[in-house]
Amino acid sequence: MIDVQNSADHRGIAIQNVGINDIHLPFFIRKKGGGFLQVAATMRFTVSLPKEYKGTHMSRFIEILNDYALQPIAEEEMSAILEAALMRLNAASATLKIKFKYFVEKVAPVSGKRSLIDLDCSFFGEKQANAPMDFTLGVNVPFTSLCPCSREISEYGAHNQRSVCRLKLQFDNDTECIYIEDLTALIEKEASSPLYSLLKREDEKFVTEAAYNNPKFVEDVLRDVVIALRTLPGLKKFSVVCENFESIHNHNAYASHEETLA
Amino acid sequence: MIDVQNSADHRGIAIQNVGINDIHLPFFIRKKGGGFLQVAATMRFTVSLPKEYKGTHMSRFIEILNDYALQPIAEEEMSAILEAALMRLNAASATLKIKFKYFVEKVAPVSGKRSLIDLDCSFFGEKQANAPMDFTLGVNVPFTSLCPCSREISEYGAHNQRSVCRLKLQFDNDTECIYIEDLTALIEKEASSPLYSLLKREDEKFVTEAAYNNPKFVEDVLRDVVIALRTLPGLKKFSVVCENFESIHNHNAYASHEETLA
Amino acid sequence: MIDVQNSADHRGIAIQNVGINDIHLPFFIRKKGGGFLQVAATMRFTVSLPKEYKGTHMSRFIEILNDYALQPIAEEEMSAILEAALMRLNAASATLKIKFKYFVEKVAPVSGKRSLIDLDCSFFGEKQANAPMDFTLGVNVPFTSLCPCSREISEYGAHNQRSVCRLKLQFDNDTECIYIEDLTALIEKEASSPLYSLLKREDEKFVTEAAYNNPKFVEDVLRDVVIALRTLPGLKKFSVVCENFESIHNHNAYASHEETLA
Amino acid sequence: MIDVQNSADHRGIAIQNVGINDIHLPFFIRKKGGGFLQVAATMRFTVSLPKEYKGTHMSRFIEILNDYALQPIAEEEMSAILEAALMRLNAASATLKIKFKYFVEKVAPVSGKRSLIDLDCSFFGEKQANAPMDFTLGVNVPFTSLCPCSREISEYGAHNQRSVCRLKLQFDNDTECIYIEDLTALIEKEASSPLYSLLKREDEKFVTEAAYNNPKFVEDVLRDVVIALRTLPGLKKFSVVCENFESIHNHNAYASHEETLA
């Protein structure tokens, strides 16, 4: 049967990325403290295509992923998947992005009640032939923000709201990768208050007062997160987005920042 | 050219709804106080199909809508569109749902500054041959809610958040249809505070204190909205959903209720 | 500490549904053939609230769910969760909806290659005190549709596209619940062709020709699914939506139908 | 009343972007051939914040936008809005992104019937003080793709599907900006077939056969779009994403590419 994809192309255009998108597969993510969480990942998986070929072979992307489905996935496996793509698709470069919902256990501040909170996370890997993979960890941490201006100018009360901090982190290749649990705790320390799924009345009193005692603009959270990230061993590049879903507006307060560390 | 849709079907199944979905067209919505707002509507448009026919004629739905695109649309035009569908597609019943983003002008409570707020709205019409159309107006009103429990148990502060009230309203056929502007004002009166796009500092102080002075659970807002709706002249049926995007949780507080009025 | 929720309410409105929405938790779903798939479920969990009380107790919903998180969930557990809500929240009725992405293994028609396909699924339970739960299973099955009109009137080719069949099924309470895997296979038989994640060239030839040999309007798929569902033992109520993401339009062909069986 | 935002900050972090996000306002977009389309735009509007200040003034973003709401918006107005932000917020740089749904008229290939098709579009402007604005036009053009491999290896038929081409274009500052209508026509020429909202049977035959006669992989469409874009006068930078919503899979074929022109 003819292999149309393999036929010659004469347009002279080497395509930077070609592959599959919005494919869903289950994987296991290693939890801090042992054990795994199974996740339904959404993926984009591409390779570069030399100018000489008409097309890539889409089914091979699935064959490669199938070998890893329902298995643990982390930096090492991402690199192996990309290496397999470089080999089996004769490519000079390959990328893999996986997005998944992860759960972190939270302990209520007074009652000590335990509950799970969901975080949107991602792994992104990019690999050239014969080079180590560039790996980016993405974690979105939700939190409470309380407005310093509203608190200052009002006789009582202060507007506050759910917010989110979206991180993308790139570490040196020999750094031990940080756990999502630890990263979440790091970010939550810079919020007016962390979020919890389960709060009893004594906890609700605690987080209400804690947020009131710790008012922060979207700019404050962003700056304090930047300072916290700069201390992370091995971090070489990061971007941060903070967004407050303002309780007094139908739009959001937004701040973003990125840095490459020396 | 053969008309495959028009061929006989022998499975004996009269289909309740068949047509087009997720079609986008621009229309004009009449504003309170005169003038029109142009909107990009997303639509579902269906008819019933008798058991004798293999298929409906999808292009006729578009032809009917095209006659109304870039024109004002309200109850009268919805009814005319459905009547056209009944005639041109030989159907016993037809439905049309249009969803659009509408803008309402808000006046800041102290500074008097004006700004626009966006509301997700919908019209739904359902018509049998030789009967008046049943019409449902949908309006989603965003607002601020402040938690009575949090306020009561805390030394200072109270968690508050953006919330939304989703209404579906069905009026008697001879009722003059209410303006979205008036409905929005009606709902906002039952919130801890309305939302605004533009608030200067004196306004921010006002809405912060107003919300603190007016704490409401999701249940309170829902009940007060129910009481307010019961007074609307000509209203015969309604449903209400209230949802608070809790500032202390990563999930929402939710309440829903529906009534048929005597 | 005062229990504000528990205070008396004098508005005289019994709320039909109040609780939490958009909460995410991991559960296990039993697979056909043994074993479990872990899923990240999105949930809505509500109870009715008598007119005498100001509010429900939101944290108890989480406490109830926590007892079932990271455990298998099916009809029996749904019923137990609702029963717990009725008891612990003193409610007359309760509802629980969970949505999750499920994976079904598919075997390519010629090469026999195995791959996983993702389906959006849901469980919905509704329970009155001292009555059995009403349970609704939701499964969305993607498939290929090929247009009979396009095929008939064209010299060669025929437009085809990805489509989806959205089912909601309610069975008699003593019926053994059908597996998602079996339901998927039942629906796929009525499509122009099933979908697969992994197809080699010989498979691609097979599905292309199979779809061309089996042209179906959205009305055809819907009617054939209705006929297939009517044969399901114990099914007492169903709704079906079929939607084709038309390859020649930027909108969709749509059909819906529901039946209560004798 | 104290201006908390204006107070000194000692963390030493100049924030790259801070402002408002997900704000909705109506604007007018000039159509080719005269006249305007009113659109409901979704916007992100930011400035840089010097390290000396605690916060920016969020209400000023709204005040600036309000002067332009319900007015025409294009490159010139984007630049004026950004200039106003630089001045009123004392900023060194500012960005504005607006996204909106635009409608283009299509003429059916045989019947000549006219209908509107919706396109997701965006304007992005970025401005430093005392420098011209960098402007990026975004247009997403939907189209039909038909698979060359499927056609080649099958006895009859070929799988085809709805696809989309997502463009981001940056022109030299003195280039007359291209109309969305012309850009759409340029891209559609490289598809297996354009899409239409309204097709009569003679048109459906035409587009079915046209697509069959013009099979293209996602790689083919991308390469041909790249070649077409390279001919656009004044274009200095572009990115293209092509994505096929495969009719035989539940995932998409994807290709992306970007170039800076000499």
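Letters A, B, C and D mark the chains as written, and numbering starts fresh at 1 in each.
The rule is simple: a residue touches a chain if its C-beta (ideal position, glycine included) is under 8 Å from a C-beta of that chain, and two chains touch if they have at least 3 such contacts.
Since the model is a prediction, treat every value here as computed from it, not as a measurement.
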Centroid-based (C-alpha) most distant chain relative to chain A: B
Selected interface, A-C versus A-B, where C-beta contact pairs are more numerous: A-B
Centre-to-centre distance between chain C and chain A (centres being mean Cα positions), rounded to whole Å: 29
CA centroid of chain A to CA centroid of chain B, Å: 35
Per-residue multi-chain contacts in chain C, two or more chains: 1, 23-24, 118, 149, 153, 197, 199, 201, 205, 250-251
Residues of chain A defined as touching chain D within the complex: 1-2, 4-5, 9, 11, 13, 15-24, 44, 46, 49, 54-56, 58, 148-149, 152-153, 217-220, 222-224, 226-227, 243, 250-258
Interface residues, chain C side, partner chain D - complex: 117-118, 142, 144, 146-147, 149-151, 153-162, 193, 195-197, 199, 201, 204-205, 207-209, 211-212, 245-251
Touching residues (chain side chain C, partner chain A) in the complex: 1, 3, 23-26, 37-40, 59, 62-63, 66, 69, 100-101, 103, 113-116, 118, 197-202, 205
